[in-house]
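These are the structures, in structure tokens.
You will see subunit A twice below: alongside subunit B first, and alongside subunit C after that.
Our next item is the complex of A and B:
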């Protein structure tokens, strides 16, 4: 069984999901549950720290895009931070990078959201 | 045409301005001139006169100048096309000593021609020997090319010699200042400052040497006392041959050829941002240039020559690899043979300055070797090839005299850490290749298996094959997309048979499953459809899969679909 772990954090009132492991057909369901849970709580802005994500298949990509779409319809956003090269390649190879705000680290993602809210 | 790496200021095909080219050529000659010590060593050992040594240095300038320029040619049958200067190198010192003691300088020169002819023949077959030189072998050779210079560089850096067995404070200080200035300009200098970092460091080293008395007025007088212009005496000592000397010289030529391979591999890598594997054609042409250099050496009356690893280190450090610099360095060297006054500037180079320059260049050679080794996936077979070769190679320097009892004919094979490590790497690579199948088959069960199983199998096999990491990752990702798509293809109750075939240029995956082919979208599915897995998951999987492969196709037979995925390696 693939291993993936999700840690929920609230940093400066912004929900941050710290995801680690492989996001494939099996584990993407857990990610979907976590994201839907936050969206259902009317969270408009979410950050996913992907520093420890080793692999992302299209199942995971689909979950991320579906969540982003929902948030965008509520004038929110899903920010991605600290992507490893191979995971970043998935976004650029498929062209999904044009939909997402991608930051080199979690701090810059948080700063960007704070700057928007000012 | 290869893509120029961003860290290069002047790539191999670039044309720097004339003044810059000449200055960079001079900078290379400073490093090359360190090897002028070898003719002096040989002549002293066989009881020759200082005039004989001077003649040998003069001929070395002519012969290596010609071959350095020849090596840079990228048109015609001779020359690798790279800036890869040649020196009267250490590879030929043991064989030359044997010949010199048996038959004087004439025998050295005659046998050097024989070595050159052997190298020329070897250059014609080396192209068919690629499988003997995978990246873990060539990387180890490049690494050891740098390591081999350490026993020469470090004593000079610390001022240690026969008369001073301990660290000498003043020479050490001069070496430290030279290295600090060179490294400082290399790391923090911009543009020209980085280009000339070694030249600046050496000028500082000469100045400090003069100020501290290491470079004495007496030594400096050599410049004044030398003639401004003098015609070199070509072929003064004649030549002779001996069958007894055949083995040591052929072994020296073979070691030199392998060193050429390692050095030219580094040249290929540093000049191509997308470097993947050794390109044998330019290696063969480069070896032929070395062979021509050795035949010229023998005819003129100089020692055997091989490529200078330290100069490649300098090219990496300064970011200047233009072949024009090779023409310049070669041309200047040949001219210096006619102008002894100018040549004397290099001859009087203070020992600590030599040490610091070599230490500086070695750093870059070692890193180049490590990068080549790590460009492929490493398993336990490759760990042994690399590890054992380095261990036994280093044993030559760490345990002096360990191989002293070996038959003199075989001594050249064991004459340096580089020769030992190279032979170990080539032999161990052949040995550990036994039992490696180029094809592998396995099954995945979409109801049970996850990405982990594909990762485990493919990473292990990728290591066994020594495949490029990124190609194996693309294959893993594409196979995973098939796994992701399987519920939407009705494969949850069925198995997918996979077979993977590898050679140095191709990785082919064949997947067979009971069911129909699927459409490959040419664009990403709409983001608005992503919330509905049934509507978007198969299309997104297929589209993502198509982005990882270089080519894919379907065929169907008896209700089974065969999906072929091709990856360039």
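Our next item is the complex of A and C:
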């Protein structure tokens, strides 16, 4: 019923997770595993492309918050791209949008990281 | 001629039957199971040495006539013993087989005794290399090659060579065939048992996991239930109703009432995540909000204090946990309401005078997300007939069979249609509409709601 897929990509040396489907109490565990895996590889910057995420529950937002805090702790960041209306509402309603760098699409997220590293 | 062929076939069949029965009995025995679980003791090893030793002795005495050669399956027992239980059991049973063969005498006795010992030892070495019983194909090929080795050693060791040559040349084909087939049978049965045990182990651990999960569900539900108010307080001029319907895996919704002099504080909240962690976080949040109570702190100060304590004490920054919470303080005397909203679904406020519905918007970030957050507070005055509807996302995110959300618009219509009812009546009516909408689709999140209706001023004042 609740299905989510994660595709790992490496674009310009930046790990990008392309997530699709619903991030709920069940699937958020897989997202957490994927994010912790990358964080444990000592990655500092991660991008999640959420273009195909149609639902985000509080469990999912918790996983994103935890990863964001870990990355910020090592002066990194978690960038979010292409939030759909429902997902955007969750971020703005809870106020989580104040802590994340949110971009309209994946390209702009990558550009901003490259501009920072230059 | 025909008689002897039938006779030989019967003996062959008997030998096969004995091997099958022996394989079944051994592989299903407690001692074998213990060795498979890597719990080898001197006792279970000794028992298996004896049993495989007897299989080896049986293989010596059976003496089957196959294609004109008298053959034996003496090596089979120790080979299997070594392959399945390691070098100790292999060597032990090999020595028993060797002792018996040596006592039988004959010019091939030294060679055959040596070879049967070697069978147990080599089988055991293979086990050590592989760390487990090899595949059926491997075991069968191993047995075939071992019999070829057996024949070569007989030729090398036995004197005179001519006699040895005539025995070996007659027995070679049948011996390889008989031991190969014997191993095929034995190995198939043992592999089967090993596979069954692995499947059972997986099933057991899965069931254990399931039981744990179910116990957790019960614990989480108990925690949640024990932290809800026992009864709804009476407040002059207000009619109040509240309920929570936990999902199968509880999500940490809660509501609370705190009485402070002339004020009644009403809280509704939703903790991130589900299960025991959410339930514990809910209990903590509820206690912290109460601990932050002070007469002068009507809303924004309360949430500021609660946020600080949650971030400091719960490690929520690491776990990412947070709680969305709406806090309202109702004054019984002047019917004023002060509220602050920490990232919670905006409650709806029905204004009787204009028959319109307003939202009580977010005034700050969900509690626990980040330290040092500010929360605005808003104040308004309630009039007779006004209705406040506080709810959690379990209502607006309830789905029907077509995967559509109930949504805020349906909730507004539901409220608008029930404004003439009592608080409990409004609550029931909304839940009925929600039920009709979701029509049996599984409830995935807690559903919590509170309705506060302002009564008409009694007698002497307004009416």
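Here is the rule we use: the second predicted complex is superposed on the first by the 117 of 118 C-alpha atoms of A that agree within 3 Å, B and C clash if a C-alpha of one lies under 4 Å from a C-alpha of the other, contacts with A are read in each partner's own complex, and residues count from 1 in each chain.
What we mean here is this: contacts are C-beta pairs under 8 Å (C-beta built on N, C-alpha and C of every residue); 3 or more make two chains touch, one makes a residue touch a chain.
What you are looking at is a predicted structure, and each value in this text was computed from that prediction instead of being measured.
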Joint occupancy of subunit A by subunit B and subunit C, clash or fit: clash
Which superposed partner A:94 touches (first subunit B, second subunit C, both, neither): both
First, second, both or neither for A:62, with subunit B first and subunit C second: both
Identified clashing stretch of subunit C versus subunit B [96-104, 168-176, 240-248 or 258-266]: 240-248
Contact residues of subunit A, present in both the subunit B and the subunit C interface: 24-25, 57-59, 61-62, 65-66, 68-70, 93-96, 99
Touch list for subunit C against partner subunit A, complex: 249, 251, 270-274, 317-322, 324, 342-345, 362, 364-366, 369-370, 373, 393, 397, 444-445
Contacting residues of subunit A [partner subunit B, same complex]: 1-3, 22, 24-27, 55, 57-59, 61-62, 65-66, 68-70, 86, 90, 93-96, 99
Residues of subunit B touching subunit A in the complex: 450-452, 455, 473, 477, 480-481, 483-484, 487, 524, 527-528, 530-531, 533, 536-537, 540-541, 543-545, 547-548
Subunit C-touching residues of subunit A, taken from the complex the two chains share: 24-25, 57-59, 61-70, 93-96, 98-99
